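Labels A, B, C and D are assigned to the chains in the order they are written; within every chain, residues are numbered from 1.
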Amino acid sequence: MREIHVEPKDYAYVIGPHLEPIATVQPGETVAFFTHDAFCDMLDSNDKVPADIHMPPCPQVGPVRIEGAEPGDTLKIEIISIERVRDWAVSAYRQELGAIVPTNTTRMLSGPIPEKTFIYHFDEATGKYRYNDKLCFDWEPFIGTIGCAHGLNSFMSITPFENGGNMDVPDVKPGNTLYLPVSCPGANFSIGDCHGRQGQGEICGTALEIAAKVTLKFELIKGKTITWPRIESDTEIMCVGAAKPMEDAARIALCELIGWLVELGWDEMEAYQAVSQCNKLYVGSMVNPNYVMVAKIDKEIAYRK
Amino acid sequence: MREIHVEPKDYAYVIGPHLEPIATVQPGETVAFFTHDAFCDMLDSNDKVPADIHMPPCPQVGPVRIEGAEPGDTLKIEIISIERVRDWAVSAYRQELGAIVPTNTTRMLSGPIPEKTFIYHFDEATGKYRYNDKLCFDWEPFIGTIGCAHGLNSFMSITPFENGGNMDVPDVKPGNTLYLPVSCPGANFSIGDCHGRQGQGEICGTALEIAAKVTLKFELIKGKTITWPRIESDTEIMCVGAAKPMEDAARIALCELIGWLVELGWDEMEAYQAVSQCNKLYVGSMVNPNYVMVAKIDKEIAYRK
Amino acid sequence: MREIHVEPKDYAYVIGPHLEPIATVQPGETVAFFTHDAFCDMLDSNDKVPADIHMPPCPQVGPVRIEGAEPGDTLKIEIISIERVRDWAVSAYRQELGAIVPTNTTRMLSGPIPEKTFIYHFDEATGKYRYNDKLCFDWEPFIGTIGCAHGLNSFMSITPFENGGNMDVPDVKPGNTLYLPVSCPGANFSIGDCHGRQGQGEICGTALEIAAKVTLKFELIKGKTITWPRIESDTEIMCVGAAKPMEDAARIALCELIGWLVELGWDEMEAYQAVSQCNKLYVGSMVNPNYVMVAKIDKEIAYRK
Amino acid sequence: MREIHVEPKDYAYVIGPHLEPIATVQPGETVAFFTHDAFCDMLDSNDKVPADIHMPPCPQVGPVRIEGAEPGDTLKIEIISIERVRDWAVSAYRQELGAIVPTNTTRMLSGPIPEKTFIYHFDEATGKYRYNDKLCFDWEPFIGTIGCAHGLNSFMSITPFENGGNMDVPDVKPGNTLYLPVSCPGANFSIGDCHGRQGQGEICGTALEIAAKVTLKFELIKGKTITWPRIESDTEIMCVGAAKPMEDAARIALCELIGWLVELGWDEMEAYQAVSQCNKLYVGSMVNPNYVMVAKIDKEIAYRK
C-alpha cells in the first residue's frame, strides 16, 4: 500500500484550489497518510505552552490530486484505520482559543485564562491515554481535519467549510465513510490533525492531539453533486454544517439531511417530519472559525420505502 | 397515590411567581399529574391545522406549591413514569414555528410553508406510533415542559429558562432525576406538554404531542442552590442551558457541567479538560423563545477521586 | 398637569399584565412621571459599587391603566420633556453586565472585570455632566424603559420586548413620538430608567443613569394594530426590534420598517429596495436580555407618492 | 497621475497572499483605479436577473503590490474621489442573498423571493439616481470592497475580514482615510465594487452598484501594527469588525475602538466609559460571509488630554 509522508518543511497550513499537489491518487486506491498533530508535533512537554510554538496550527498532508476529479463530483472516502505512531497525545489551553473563553472573534475586555499543557501517555495495558488518575480516557480516534479545496477560497486549515476542513467531528472515524464535495479540478484533498479522542464541541480548543497513520480508500462518484460533507456509518446517515451562529450550522445540517432523505425517495414534508421526530443533532466543534453541527438519522428509517 | 387534574378552563399558560397555586405537595410525596398536549388536546384530526386552534400553546397543570420550598433550595424530581391516556399523538407544522422556517424572531420576507397536521395512532402490537408506513416511530416518552417559577419573570409556558420550563429535552424521561432551582417561595412548580417521542432540536416545532399521566416523586434539598436545571441518569450527569444564540446556550450548559464537577471535588482546570475530552453536547430544542442545549458526561468519569 | 410619583416601597420591577394599576390615565391626557434611576437612586457615591446595592434593577413607575385600551390598539406617546430632578448621574461597571465582558448568558471561565462607579455632576454653566476632564459629556436625555405589558408574559423591567420595555434606544427622546402595541386590557403602561445620555449599544451596561421628571402626552389609536414599537421624529420614521442574536433583532426592525412603508402605500418589493438603499440601522442596546436594533428612514422618502 | 485598469479577463475574484500582483505602487503615490460593478458590469437591463450572470461576484482590480510593505505595517489610504464612469447603477434581488431572506448560511425550507433587477439612471440635473418616482436617491458614493491580503487565507472578494475586503461600509468614502493591516509581503492590495449609495446593512444584498474611477493616495506606516480596519473622518475615528453572529462583529469594533483610545493615552477603564456613553454603533453590511459593524466616536472626545 502506498504511503504519503511530508517533512515539516512541506506542511501545508492552507486548504485551497491554488496549491500545487504533492501527489496524485487514483480512484479506487487505498493510501496511508502520516499526519502530524495540531501543534506541528512540537508541544511535547508539560513545561511548554502553546505560546512557545511559533507555527501556524493544523499542519496538513496535502494537497493530493484525485485523478479525474472535477467540480460537481463527490469524493467518497472509506476510513479504514487510524493508528498511533507515538505513545503520547497532547491537549492544551491556548489563549484566545475555546468555547468558554474570550477569543479573537468573541472579544472581551476581561483577560484570558492561563495557558496549560496536558501530555497524555498511552498505556497499552488499559488502552487508555493517561495524564493523571482522573484525566485518563479511552482511545476513540478520529480525523480532525479532512477536506477538498473550495472552488475559490483558500482557507487556513483550522477552518471548517462546505468541502470539509477542520470539522473536528468525532464520527469521522474508522469504519465510517465520508463524502466530500469536489469544487476544483483534482479536488486538492488534504488531511491532518488526528485526535485520540475528543468531547463534542472540542470546547477547550484542543482534543487529544496525535500524530497518526491514517489509511483511507478513495472512490470518485462522477457527476454526483453534494453541497456539504456527509458521513455514513453502518447504522446512520449524517450531514455536517459549518457556520456561525451555531443555529445556522444546525440549519445547514438539518436541511442537508432532509435533502438526503428526498434523494432517497422521501416527500420533502414527510422527510421534515421524520427528521423532526428521530434525528440526533450534536455539536462537532465550537472553537474554530465556524461552528460545526452534525444531524443524523438511523438508516432503518432513512431507507424506508 | 394522589392525582392532580385540571379542567381546560383552569389550564395555566404561564409559569410565574405570581400565580395562585392549585395544590400543595409535600416533600417526599409521589404525585400523578394528568397533562394535556401542546394544542390543548384540540388538534385531533388531519383535517384541522394549528391555525384552527385558538388557544395559547402549552397548557400547564400548575402551579403546585412545594411545601417549605424557598429561593435558594433545589427541587429534586424523580420521574417515575409517563403513561399514555389516549391512543394517538399529534405533530403539526405551524406557521412561524420551527428551526428552518421564518419565524416571529427570525423574520423573513419569504412566505411560510403550509400548515399540516400528522395524527399518529399508537399500535399496541408494535409499540409504535404510526401515521403511515414511513412515519412510524417508537414510543420514547419524555416531559416537554416542567419547571419552577422564576423569582420575578412570569414566562409563557413555551419558554425554557433557568428554572426549567419548556426545555423539550428528551433526557427528561422516566428513570431519570431532574433538579430545578427554586426561585420563589413555594417553587410554583408546573408541568405539561408531554411527548411520545421527539428528535433532538424539535425542529418542526412539535413533537409527537400527547396527553399523559406523569408520575413524579418530589424531594426538597434545602439550602442547596443550583442555577440551571440538572439531570441525572444511571450513567450520566447532565446540565441544561437555554439562551440565544445557540452557542450561548451551549456555554451555559458547559460552564454548569464544569461547575458540577468542581462541586464533586475536581480542580476547575482539570474539570475543563475532562469535559473537553469526554462530554456530549446536543440540542434539546431550537424552536422556542430560547435555544436549549444539554451537556453531559459519564458518572464513571465525574465521580473519579 | 397631573403628576405620578411612587415611593421606593412601591417600585415595580416587572412589566406585566397581572400587576394592579397604580393610576389610570385618560387618552388625551398629559402626565408628568417622576422616575428613579436604574440603581433605585442608591448608587450615589464613587465609593460604592453595584454589588453594594441589593435591589433589582430598573425600578418602574407603573403600571398605569390607559382608559379604554384593549389588545390590538396602539398607544401613542408624545415625549414632551425630560427634566433633571437632581444634579448628578451615575454610570457603573457591574459584574456580569456588558457587551464585552462575560455575562450570565455569554458565560466564560475567565473572571469578570472589577466593578467601578462613576458619579457625574451636572454643570449648569456648560450643560455637561462631568466625572473628570476627559469624561465630561453633553446632556442628551432619553427614556431607557417605557412599555406596555405583554399579553401573557410578565418581564423583569430590564427586558426589551415587543411592547417596549428596557429598549435603551436614544431616539426615545423629547420631541419624538413613540407608538407601542397594546396587548392587555388597560395597556399596563410602565416607565423608568431615564438616561442623561448614552452611546449606541449601552456597552458597559449602564448609561448616565438619572432620576427624572418625564412629561408625556398619551393618545389611544383604537383598532390600529402594530406588532413592535415605532418612533417618529420630525424627519424620520423608525422601527425597533429586540431579539438575540443581534441579526434577528435587525431582521425584526427591518421587516417592520418595510411593513410600515407598505402601510403608507408602497409596493413591498419597492419598499424593500428603498430601505436597502436608504435606511440607518444602529444598535440601541446590547446588554439586556434581548439585543435592540433600530431601523429608520427619512420621512421625505417614506411619504413619497 | 497613474491609472490602473484591468480587462474583464483579468478580474480577480479572490483577495489573497498567493496572487501575483498586477502592478506595484510606491508609498506616497496617488493612483486612479477603474473598478467594475459587483455583477461584472453585465447586469445592465431590467430584463435580466442575477441568475443570468454566470460570473463570480465582486470582480477586483488587484492585487497591487505596495512597495516595501511587510506584515505588521499599516497601509494608509486617503480616499480622494469616486467618479462615475457611466450614467447608470444597478441593484437587484438575488436568490440566497440578503438579510431577510433564506440564504446559503441561514437555510430555510421556505422558498426564495423572486429575483428582480432595478436599473437606476443618473440625472445630472438633480444629482440623483432614478428608477422611478419613488425610488430616486442621492449620489453618496463609497467603496464597497477594499483590502489587503490576509497572511494565509485567500478569501473570495465578497468576504469582509480583518484586512478589509467586502466591508460595504458607507464611511469608506471620499474625504475619509482608511487604515488597513498589512499581513503579507507587498500587502496585495485590492479594490472593487463601488456603490453610488447604500443603506446601512445593505439588506437586499446589493447597493446601487456602479463602475467607477477611484482615486487613492497611499502611505505606508512602517512598524505600526493594527489588527482591524480603521477609518478617520474630519470629526470621527471609527473601527470596523467583521464576524458572525452580529454581536461578535460589534464586540470586535468596540474593543478595537477602546484600544485606539488607549493608544491615544486613555486609561482602558475610562476609555470603556467614554465609548459606552458616546459611541455610534451601526451595521455596515449584514449580507456577506461575515456581518460588518462600525463603532465610532468623535475626535473631540478621543483626543482629549
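Basically, contacts are C-beta pairs under 8 Å (C-beta built on N, C-alpha and C of every residue); 3 or more make two chains touch, one makes a residue touch a chain.
Computed from a prediction, not measured in an experiment: that's the story for all the values here.
Q: Show which chains lie in contact with subunit B and also with subunit C.
A: A, D
Q: Of the other chains, whose C-alpha centre is the longest way from the centre of subunit B?
A: Taking each chain's C-alpha mean as its centre, the farthest from subunit B is D.
Q: Between subunit B and subunit D, what is the separation of their C-alpha centroids in Å?
A: So the centre of subunit B lies 46 Å away from the centre of subunit D.
Q: With centres defined as the mean C-alpha position, give me the subunit C-subunit D separation in Å.
A: 33
Q: Find every residue in subunit D that makes contact with two or more other chains and list them.
A: 100, 106-109, 113, 244-245, 251, 254-255, 272
Q: Across the complex, what residues on subunit C touch subunit D?
A: Against subunit D, the touching part of subunit C is residues 91, 93, 99-100, 113, 116, 118, 131-135, 137, 197-204, 206-208, 244-247, 250-251, 254-255, 258, 266, 269-270, 272-283, 286, 291, 293, 295, 297, 301, 304-305.
Q: What residues on subunit C touch subunit A, complex-wise?
A: 98, 100-102, 106-113, 245
Q: Under the definition above, what is the set of subunit B residues touching subunit C in their complex?
A: So the residues of subunit B touching subunit C come out as 13-14, 16, 18, 56, 105-109, 152-156, 159, 241, 243-245, 248, 251-252, 254-255, 258, 268, 272.
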